[in-house]
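The structure's right below; bear with me while I get my questions together.
By written order: A, B, C, D, E and F. Residues from 1 in each chain.
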Amino acid sequence: MIFSIMVNEGPYTHQASDTAYHFAAAALAAGHEIYRVFFYHDGVNNGTRLTTPPQDDRNIVHRWSELAEKHGLDLVVCVAAAQRRGIVDDDEAKRNSKDADNIAPGFRISGLGQLIEAGIKSDRLMEFGD
Amino acid sequence: MSEIKKFMYINRRAPYGSIYALEGLEVVLIGAAFDQDCCMAFVGDGVFQLVRGQDSTQTGMKNFSPAYKALGDYDVNRLYVERESLAERGLSEDDLMELTWEDEDDDWAEKPSIRVVSREELARLMEEQDVLLNF
Amino acid sequence: MLHTVNKSPYEKNSLETCLGLSLDGSDILLIEDGVYGAIAGGKASAMLLEAMKTRQVYALGPDLAARGIDPGRLVDGITVVDYGGFVELAARNDRVQAWL
Amino acid sequence: MLHTVNKSPYEKNSLETCLGLSLDGSDILLIEDGVYGAIAGGKASAMLLEAMKTRQVYALGPDLAARGIDPGRLVDGITVVDYGGFVELAARNDRVQAWL
Amino acid sequence: MSEIKKFMYINRRAPYGSIYALEGLEVVLIGAAFDQDCCMAFVGDGVFQLVRGQDSTQTGMKNFSPAYKALGDYDVNRLYVERESLAERGLSEDDLMELTWEDEDDDWAEKPSIRVVSREELARLMEEQDVLLNF
Amino acid sequence: MIFSIMVNEGPYTHQASDTAYHFAAAALAAGHEIYRVFFYHDGVNNGTRLTTPPQDDRNIVHRWSELAEKHGLDLVVCVAAAQRRGIVDDDEAKRNSKDADNIAPGFRISGLGQLIEAGIKSDRLMEFGD
């Protein structure tokens, strides 16, 4: 079965990103496919490489990057939501005249159409938020 | 993409206090380009999104309520509003914006987009969907 | 004491908790989505009317306007204030408590 | 249809709204702070017991454990599942709805 | 800083679902170094923060409940828990962690930090404070 | 009268930062003093210079920076909350081996003690959050 996952809240503040991660890992372990993970609203804040969580806590951003690398996941950060919140890749930095970028490995910035497409192409679109 | 799926966008949040209503509407407007079968539901505090006469000038926030009027042009013409939610909040259908669409199969007659439905009707409509997105 | 409430009473329990924990003579200011509780005829208005026997209730005008709520629609006795009035309420009361 | 609820029924109206808009035969999975609604003897348990006459209710075990809720404390008839069970419920039902 | 103010940290959120409880506790532990008069209140879902036997291993989240046991050592020894909130949620005082402090004025006797109070008592305690911080 | 302000949510997602801003502006206009604005929880996300909000919307980050410059406000971002969420200044970038920083002009990163001190030094500590 093909799943897609939507993450609507940033790391640490709400449990949404944690639950989504464990759901994704369990779905992959059960042999399901994950078509896409789409980060919307504050969920885009999962895609910054500048976090330094306490050493005795999980690293939410790294965990997504690693799961993506291991399973070839498509981690998409919504561009409109990202602009409002300051999540930027190299292209976006140039386009908006920013002097730095902060996107984490394995994440890419793209449009809302990617969410709709995920809804069309997947058997189930799972939403995790606040 | 030849598949046509039924999308329902369920709105349960009031506008302005948080961005979910605004960013939810952005999804609906983008989604309309995909030629899917889509409708919206307004439940709980989501009904407040459709209240007429919004003026956010003094808060400095963007008044995005005019964008709901564009939905008809994008063929999003079924906006289900839960009757019980309106009543609990001291509202009636007269408090909502007039939202319309033009029916090309009926000589472009202008028709209302808002359909006030009961909780039970809405529950049944939800069961007919393929994809349920919540904002 | 000034209590602020920024949540709709139809979604979250903040107003109810505020009323349970505010003493007679308190000032209560509804802001942001909290102003939805001020609509006359809404289910929450009974709770507010009861509280108003012993407390003064205010609502933030800019938040009412943004949400399309005409001051004529409010429960009788609620005073509408602007941001300057919010500052005055905070200054006039000895302490403030934000019910989020 | 699978309905997930991630909010405490004592703070927000998500569980109540879910029960009002779910049909007989639905599966309801309590996750995150939603699991607090499953505690027997809590005010929310009456609402859940009524719903369970026609619907199956599940609670996510990892979230119960994190919050110190022993499965023996739950309303009778609630099934505890792990993340794999969550995936199974999502796959087995035709559609999913997240009550946030 | 010679002033001594009364700080009350009011906790209204459950742990784990959101970070407010954890980051609130971090404020209290830092605040304890400032020699102010401080206490905590647990109201509504905040009472869930003190439930014993928390084990977050399977969620991958940090179990921060042991940090409440350190509060006594920081002279934060008045944790007011609203009785009505416990009862509504199907809990009793026995469900809460045992939190204690040592009273140096009473030969270091170990005393309980948790004080279950009524809603009315808590409302009066709030009026005695200078600064009320909510998490 | 001396006010301090605590902002607990990020820009755009919740109204907290907007209300706090208007309260601060109104307090200054009425002749009051603002001892400090402290950004905690997701509030730290108000302090990134990488946002690009839609052109027809307010720029929340700029607005704080400008108010701070005009009135000499002390805008403090909590370091522990910032580390979890990826808000970084030059010093923090070095300390945590990050290749970029994103702090906005007029904001500084400091410890939670700054919040307690604000509570002690101010007549009223106003909290804005979700």
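Please note the rule applied: a contact is a pair of C-beta atoms (placed from the backbone, for glycine too) under 8 Å apart; a residue touches a chain by one contact, two chains touch by 3 or more.
Quick caveat, the model's predicted, so the values are computed rather than measured.
Here the chain-to-chain distance from chain C to chain E, counted in touching steps, is 1. When each chain is reduced to the average of its Cα atoms, D sits farthest from chain F. The chain with its CA mean position farthest from that of chain B is E.
When the interfaces A-B and A-E are ranked by how many C-beta pairs touch across them, A-B comes first. Chain C and chain F have CA centres that are 26 Å apart. Remark: chain D and chain E have CA centroids separated by 28 Å (rounded to whole angstrom).
Centres computed as Cα averages put chain A at a distance of 38 Å from chain C. Taken residue by residue, chain D touches two or more other chains at 6, 10-11, 13, 32-33, 62, 82, 95-96, 98, 100, whereas all remaining positions touch fewer.
Contacts with at least two other chains are made by residues 16-19, 44, 59, 61, 130-131, 134 of chain E.
Contact with two or more other chains is made by residues 12-13, 15, 22, 41, 54, 80, 84, 125, 127, 129-130 of chain A.
Inter-chain contacts occur between A-B, A-D, A-E, A-F, B-C, B-D, B-F, C-D, C-E, C-F, D-E, E-F.
Interface residues of chain A, counted against chain B in their complex, comprise 6, 40-41, 80-81, 84, 111-113, 115-117, 119-121, 125, 127, 129.
Of all residues in chain C, those touching chain B in their complex are 6-8, 10-11, 32-33, 36, 39-43, 45, 61-63, 65-70, 73, 82.
Across the complex, chain A is touched by residues 1, 3, 5, 7, 19-20, 23, 26-27, 30-31, 33-34, 36, 130-131, 133-134 of chain B.
For chain E in complex with chain C, the residues that touch the partner chain are 10, 12, 43-44, 84, 119, 122-124, 126-127, 129-132, 134. Contacts from chain A toward chain F in the complex involve residues 10-13, 41-42, 45, 48-54, 61, 80, 83-88, 92-93, 96, 98, 100-102.
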